[in-house]
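Dropping the structures in below, format is structure tokens.
First chain A sits with chain B, and in the next complex the same chain sits with chain C.
What follows is the complex of A and B.
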């Protein structure tokens, strides 16, 4: 038991140091500023007078910015944080200490994941603030359309943020896995983006093959669906944020979180298998 | 300690090179034993397998064949690394931490009890002579200071075995002398030190034993004095001898069946000369400042 506590403590230390290194990078700060500016700029489109549709527009705009910049950041930051340890040979000093390689990798992953927590939280707070402000203005102007109260479920906006954070966690774990056998930063980033596209679009392949009879094609798609996580499962913003007839249940949210955790843990463990043999 | 600090048996390490996976042998059937409380030098030219051997000892690389133990424990185990401190060649640390934060960070990674961290950190920082610069960011340190803070992080968890990879590479003679003095102090404290270097003059006066590697193979191993001693010759160092006296000595040597091979003046090493000159000027400067009240 004491060994496990010590191990968690070491992972926490490495994660804290990784996070500190990450937030000092100009790349993170620039991307955060651009993302916040983009979300805030969605209010400039109010001159088109969408009515209550403006809230949907702002929400979609915000979710889009979160997905786009979040994906870039989680892949680029994880890759950079890993390779900076290898190229600067700080990993040599660290791994000569009484720590397991899995602890080192888990610390790197957690540090990158903490960075994504900050990024997601800031963007969600900005988006919630803008939505609340615009909804208040629209309520005063179009009172009859808000008879049942506010349209946006603000609590669920942050639940959506949590799910996106989980998705970024899976993406970071995938980038870490690719970095564990790759020799260059660039290769890792490019391959990670390809994997992101596969994860994001695999539902098209699933749809195309769902009507097929049992065969090699269906078997292949089934395998693909098992290896690559389905990121569409995390895209439940509309169901969560707007009070629709069938809101997402808490159980489903936890299932999606569990799905993300399983994939993230699996990819970190796979990264450890590669990293064990890596010559540092 | 009943076990030697390091025991290496038949260690071989091959690297795969290129797409076709050709094997490059970096260490070839190495047998080595480093006893407790020794300063042991691993010598050899670049590419002789010193760093690879050290990485295998630290569990950073897996051996292709053979085994390596640290105080009786397999060297790739985490338990074995608890008793090891390591300073890599040309160390690079987290630039945004101060020297003290860095040493503290590694103390926590090594599991130094929370109550002891502050005192341990202060002690090693003082040992390496970095107390005054400990608050500065590592990114502002000179090469010699990096080596010293690197030594501090290697020592902070009070390891029994300290491994130093090229500890004086790129460091000026003053810095090298300071690092050598720290290594001697470690021996006085009962530690075992394994150091690799290709700067032989610095190693000679420091190590108890040395091993010389060449192309991954062990060439020679033993006590420094035994290895460098000319077994069939002795030297007499004489002062104030007249020409007649010298002729008489030469005559006596011939009469006793000996042969005078060479007559030479004892020489200081360049390292010693440099240190002597610099230290003399530093002493003069300090005295001058004292007498002028530090006005300059």
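What follows is the complex of A and C.
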């Protein structure tokens, strides 16, 4: 039991240091600044909008920024944090102490994941603030349209943030897994982005070819659907935030969270399989 | 080289690792499927662009949703500004491509569909006729062919729009108006106005125009029956303009020579209040209500 507690303590220490190292990085700060500026300026971009409601546009824009910059950050930061330890030889010092490679990887993952928590929270707070401000202005102007109260479910906005954070967790774990057998930073980043695109799009192949005749093609698509996690599962912003006819149930949210946790843990364990054989 | 040393070849070892990882991921996919499948059904059901029947449409939308995510609205907006520049230049080939691109990127906005259909149905025929020498030189039959081709293209576009917005009256109304204004096809226009009137957000005038178009086709009896039914179903909202409908009913009664004692009775004329009156009094009241023929 004490072994487990010690292990958790070591993971926590590595995670804490990784997180501190990450938040000090210029890359994180500039990306966060750009994202916040972009979300904050969504009311300006609204001038170019045709047909979509103002609140819908701002929400879409915020979600777009979160997905775009969040994906870049989770891949780049995880890769950078992992390779900096290898390149600076600090990993050698660390692993020379009684620290298992799994603890090292879990610590790195947790640090990167905490970084993504900060990023997601800040962006969601800014987005919620802007939406609240604009909705209040609209309510004052068009009172009749808001007879049933506010249109946006602000609590669910943060639930969506949580789901995105879970997705970034899976993405960080995938980047860590690729880094575990890759020799260069660039290779890891590029391959991770390819995997991200496959995960974003795998559902199309699955859906489009589910009706096709039995054969090699269907088998291949079926395998593809099983090998790569389905990232579109986390794309539930509209269903959560706006009061639509079929709002997302709490059970479904938990299913998606569970799916994300399982994949994140699995990829960290797979990374460990590669990393334990690796010469540092 | 022995079999044992072959098996220890670095390439084979690497291949074994890759296969092991793929197998692990495959197992993971199988294990998580009971968790993913029900959630995915719910998520998919809430997003119409993920439920297209046509594979081409599903692939296009899937790519857009997957790659652009929330940025597709702003991307489509900027492309729409570009579309307008192309429209100003009267470049119909590029216009078609841009319209398709914009509506693929963001099919959620009715604005793109309706305005794109208007460009295709109302503006492009003029450009094509001008390209072929102008109205003076192009024979009427050829002009009609061009207009019909463009109308068909616009209607196909609106048909695609209805895949995303199956209950939006505006899209049915647009098809109806294109048939009415561009082709003077009263039968098709009447059909689409009727469909528009059956949608949840339908304006009151859609059903009224359907009745009027039946009359213009000479289907007075059908129009009479329809308007009577419509009058009975409408509420007393002033926007419903029940008075206008009643006037049309009376006009149809005159043209159909409906016997005065079987004519439509409404609350508006006060006829409905004469429950206790004799038949003679009712006839007199009706005559007062309609004026003499």
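The definition used in the following text is that the second predicted complex is superposed on the first by the 272 of 280 C-alpha atoms of A that agree within 3 Å, B and C clash if a C-alpha of one lies under 4 Å from a C-alpha of the other, contacts with A are read in each partner's own complex, and residues count from 1 in each chain.
In the analysis below, a residue touches a chain if its C-beta (ideal position, glycine included) is under 8 Å from a C-beta of that chain, and two chains touch if they have at least 3 such contacts.
These figures come from a predicted structure and were not determined experimentally.
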When chain B and chain C are modelled together on chain A, clash or fit: fit
Partner chain(s) touched by A:197 [first = chain B, second = chain C, both, neither]: second
Which of chain B and chain C A:148 touches, first, second, both or neither: neither
First (chain B), second (chain C), both or neither touched by A:249: second
Touched partner set for A:237, first chain B, second chain C, both or neither: second
Where the C-alpha centre of chain A sits as vertex, the angle toward chain B and chain C in the overlay (nearest 10 degrees): 160
First (chain B), second (chain C), both or neither touched by A:225: second
First (chain B), second (chain C), both or neither touched by A:67: second
Touched partner set for A:93, first chain B, second chain C, both or neither: first
Dominant toucher of chain A (residue count), chain B or chain C: C
Chain C versus chain B - closest C-alpha approach in the superposed model, Å: 6
Shared chain A surface residues [contacts with chain B and with chain C]: none
Residues of chain B that touch chain A when the two form their complex: 15, 55, 58-62, 78-79, 81-82, 84, 86, 88, 90-94, 96, 105-106, 108-111, 150, 153, 163
Chain A partner contacts - residues on chain C that touch it in the complex: 17, 20-22, 24-26, 28-33, 35-36, 38-40, 42-47, 50, 55, 58-59, 62-63, 65-74, 77-78, 80-81, 106, 108-112
Contacting residues of chain A [partner chain B, same complex]: 6, 9-10, 13-14, 17, 20-21, 24, 88-90, 92-100, 277, 279-280
Residue ranges of chain A in contact with chain C within the complex: 45, 48-52, 56-57, 59-68, 181, 197, 200-201, 203-204, 207-208, 223, 225-233, 235-239, 244, 246, 248-249, 252, 255-256, 258-259, 262-263, 266, 270, 273-274
